[in-house]
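Common to both upcoming complexes is chain A, partnered first by chain B, then by chain C.
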Partner chain A sequence: MSVIARLTRYVRASIALAATCVASQAASPYGPFGAGLPDDGYGPLSQFPTLFRWMIEAQAWFDQRLETAVRAVRHDPAAAWPLVALSFLYGVLHAIGPGHGKAVLSSYVLADRQTLRNGLLLAFVAALAQALGAICLVAVANLLLHMTSVALTTLTYRFEIGSDALIVGLGLWMVREKVWIRRFDRTRAVMRDASLQGALVGATVQSGRFRASAVDFESSSAAEGDLVDCECGELHLPSAAQASALDWRKAWGIVGATALRPCTGALIVLVFARVEGVFLMGVAAVLAMGLGVALTVGALAVFAASMGRLTTGGLGSRPRLAQLKTIVEVAFSFAILFAGLAMLALHLDLASG
Partner chain B sequence: MDRHEKRIMKGKSTTTRITFLAALCLRGGLAFAHPHILIDAQMRIVFDAERRALGVAHVWRFDDAFSAFAVQGYDSKGDGRPTRADLAPLAKINMQSLAPYHFFTQGALDGAPLSFAAPRDFWDEFDDETLELHFTLPFSSPLAILGKTLAVNVFDPDYFAAISFVKTAPVTTEGGGDCNIAIQRPQPLDQKAATVLAAIPADQRELPPDLRALTSQLVNRAEVRCR
Partner chain C sequence: MSAALRLGIRAGAFGLAAALASGGVARAHPHVLVTVRSAIEIQQGAIVAIAEDWTFDAMYTAFVATGFGAQSMTPSPQELDSLAKQNIEGLKDYGYFTFLKSEGGLAKLDPPRVYSAQLTKTNEGDDELGLHFETPLAPPVAAGGRHDLMIYDPSYYAAMSIDAVDGIRIVGDGGRCSTTRIDPAPLSDSERQSLTESFFSNLPPGADFGQKMAQTIEIDCPAALNGASQSDQTLKRGR
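Take a look at the complex of A and B:
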């Protein structure tokens, strides 16, 4: 199959993927009571009905326990520890469900070849940013401005639109990087992986020549170990150092997109804690929730990163696989873009309808 | 072959990876969100002088945390006890917001689905730290139900609100005379039923009759038979 045909196939797959991932939004953008935005709803777990039903019941159980814990801490400061522990567990469980930027983050980690360390770091920063976002929102809207619950919900809804826009931006940037700039060329695929294996040395780059650690069968003039001339300047190849460094501009995009989607559960806990006179305990609880979310999302990010790294090693002599890998990365970049567009369209559609 | 290639050859092909991730995201079944609102529900079937069923009067008591959250900004006196008048705008917004969700209520007379008119007599009241929403959902026209079975389901198909009937006497009749009420609370789904339900696309809110019977396992249901 030609490269273009393969690319088309994967682009189509990623459109389908993005569409199904976004799934059905709530019937109303502001939730059934106008106060409290429903989480992004999709039902991946409904494929496993017993597990999923258990999760729903566990969530309701947690909500009740959290409520009790917040009330308890008003009378007894020592009850802070159970509250924090409970909140942490809540975060872990809650993040398994829909939302929390898991799909976008994992797609990014896979498509941008992040190391395990960076994937985990990104997950932690994003989850903590989400917790801090919820805290700041309640502090300003509730403590300072005394906004109504409905106004707060509307504001959260607008933030979500902003978040979707950030995801679209990230998707566009990644697609541009991977499709527009890079070209599919077997020789360059070889060179790319040669660089990732650290075969690139500073001096070699400057002189514009690469030491071939592997050779494509069709370019018979070169042999393993030879110094090869190539148009390296146009390739935009990441050096070994670059490949492991987090691109902080893109990373901030993901962190920002996640921070703009505070979890409804966190907002409710914070407001309830304030009403009970223990706002700072609520802050501690939400931070613990953020850590729990970070753990779950981090686990998924590590999984995505290791999937990505799995094909990096040994590809020097498997240029076809290197090509496939590039196509997969393009597909996931498109997936991020389409997911963002789909969510944005749904949000804006609901607002006008 | 080096060990990396051996691992790749072992079969984690790119296509498999994509399929796996796609399967993870597959939108199957009712698209449940996470319940953040817990509701204790009560219901009254209201009749007129000719013993025709006029509508369903709901009383929904929210959990403490959501109650505290929802009444934020509606407390005119600032004493933590908003009055019914304070909460009137919230009640209006509740009704507007519930409309796209069909007020979480489904009705059927001998299996034939019923439609409802716009809600009336609605208000929010806040006492003892909990918020209670009262509203009446009239049938589109008064129903002669003597000798027939009137079934009413109350549930949120998205599970953002986890609604459950109160423990004692959740459903009563008002003016219906001699009526028998059978209550059904949500049951744990058996695997087969769950698999069938999971295959329904999430945006399909109107279920075919045979599947409605299955979803009835998830709902709070009351069947009223009057002689």
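Take a look at the complex of A and C:
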């Protein structure tokens, strides 16, 4: 079977998978009331009912405390500190639940074998972008344009569709990179791993291994310090672990996808703060929430990065584990694609028509 | 395609499928706390309607009411009416969150004939949105025997709690009925009874999380209540 046919089959299968899962959700994505989208995401945590329930109850408790805290700030500016602290804790806890781009971000960190530092950086930027997104949305839509909550909700719904599209795009890009290119162009794949494409001039290729004849530092992003001198008379390219620049094109995809999904809780706090006349306090609270989310998502990203590192590092040089590396990369690239498709299907309501 | 590649693709698909199938797209973060007061209306030995008063928390009320009523940020009566209509219409697909299980099964509810929304001020000076509606049972259910009433949002977007004082009342001819409030049982793996969950709503197990958090009101009416309506009819026929 040709590769096109095979890939078409996979894409069709993934859409069918997404649609089946969507069909099992009888509830509409809009939620029961017109205002405020429900958070969505994957809930493997629901497999631990006691923990899940504790978390839900804790979140409900937090909601009530947040309401009290925002109200308190109206009377006493010093109450801003408890509000910020509470919001931070709320962010930490909330991010453990479904949503907040955790699945996609961790899958990406694993699939692209990001370093710890990059994973953490990405998590922070994404979480803060999400907080800023919520603040801008309320500032513009509510403060300036006096949009109703229903109109606001429709707008966030459309943003979510955009976000899903970004995730699908990212997934497609990564699948292409990991599967297609690897399948067809082993050499290019190896060179991509080295991340120094521009530096290799006149490489000779021999059955998957190559030797660079010269290195051109001027037209590449590499620097002389990137090369490893083992004093063995040969120049060595740094291993993938050392070439650790974050691919900002993909990273912006993730940041953008997260920023387009403002947290409903943040929106509610911001609007309430505005009604109470303490909008800027609401902004501070939501930024604190973003930091809390960053912490939780960052922790997960660090975990994912460590797992990814496990397959590269010293272990990566062994052929068996190199296979494991391939499996992980491909599996998670597909996971991102399928996740995006499933969420897109849900939002576009494909199954129920 | 190499074996590793194939395995990778299968692993990714399987893992995601497992995650999706297990929890579904879980949305169990409540964004609104609703206090529920309900009244069961019994006439001629049958439960004919359920009247409910829901009060939304101040923070969510501010969110819902925003953008309405230009200057004062408070919705006008007409805007409140349209809010009420919108909520009721939205709730139709969710069975109005009201589940009454009797011996004969789950009661079917007709769309409410009467509904309204109002804003009440709390002690702190905030507004709380109140939604009032009455859903008739179609058909009415014989009152005698035991009934379980649960009012909850299966997706748990709304955390509904039955008011401690006014949570449940019986109005009409049900003077001899008693009500007991049962709090949700602590969760354990054995309690995830797919049968019970699916009985109450059409959602697959796991997606119906709100049911686990919901209180149950047990309504016990003497069986003679049914007989009362029959004897009335016999009396009429006799004349």
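Here is the rule we go by: the second predicted complex is superposed on the first by the 256 of 353 C-alpha atoms of A that agree within 3 Å, B and C clash if a C-alpha of one lies under 4 Å from a C-alpha of the other, contacts with A are read in each partner's own complex, and residues count from 1 in each chain.
In this section, contacts are C-beta pairs under 8 Å (C-beta built on N, C-alpha and C of every residue); 3 or more make two chains touch, one makes a residue touch a chain.
On a predicted model such as this, the values are computed, not experimentally measured, just so you know.
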item	value
Chain C versus chain B on the shared chain A, clash or fit after superposition	clash
Which of chain B and chain C A:P82 touches, first, second, both or neither	neither
Which superposed partner A:D63 touches (first chain B, second chain C, both, neither)	both
Which of chain B and chain C A:A342 touches, first, second, both or neither	second
Which of chain B and chain C A:F334 touches, first, second, both or neither	second
Partner chain in contact with A:M307 - chain B first, chain C second, else both or neither	first
Touched partner set for A:T326, first chain B, second chain C, both or neither	second
Touched partner set for A:H146, first chain B, second chain C, both or neither	both
Partner chain in contact with A:V275 - chain B first, chain C second, else both or neither	both
Chain C-contacting residues of chain A that also contact chain B	10, 13, 17, 21, 24, 26-28, 30-36, 38-47, 49-50, 52-53, 56, 59-60, 63-64, 66-67, 70-71, 94, 97-98, 103, 142, 146-152, 264-265, 267-269, 271-272, 275-276, 324, 327-328, 331
For the chain A and chain C complex, residues of the former touching the latter	3, 6, 10, 13-14, 17, 21, 24-28, 30-36, 38-47, 49-50, 52-53, 56-57, 59-60, 63-64, 66-67, 70-71, 94, 97-99, 103, 142, 146-152, 179, 182-183, 264-265, 267-269, 271-272, 274-276, 323-324, 326-335, 338-339, 342-343, 346
Parts of chain A lying in touch with chain B, wherever the complex brings them together	10, 13, 16-17, 20-21, 23-24, 26-28, 30-36, 38-47, 49-50, 52-53, 56, 59-60, 63-64, 66-67, 70-71, 94, 97-98, 103, 142, 146-152, 264-265, 267-269, 271-272, 275-276, 307, 310-311, 313-315, 317-318, 321, 324-325, 327-328, 331
Touching residues on chain B, where the partner in the complex is chain A	2-5, 7-8, 12, 14, 17-18, 21-38, 63-66, 68-74, 80, 90, 93-94, 96-101, 104, 133, 156, 158-162, 188-189, 191, 194-195, 197-198, 202-203
Partner chain A, residues of chain C touching it in the complex	1-2, 4-5, 7-9, 11-13, 15-17, 19-33, 57-60, 62-68, 70, 73, 86-87, 90-91, 93-94, 97, 124, 126, 153-159, 186-189, 191-192, 201-204, 206-207, 209, 212-213
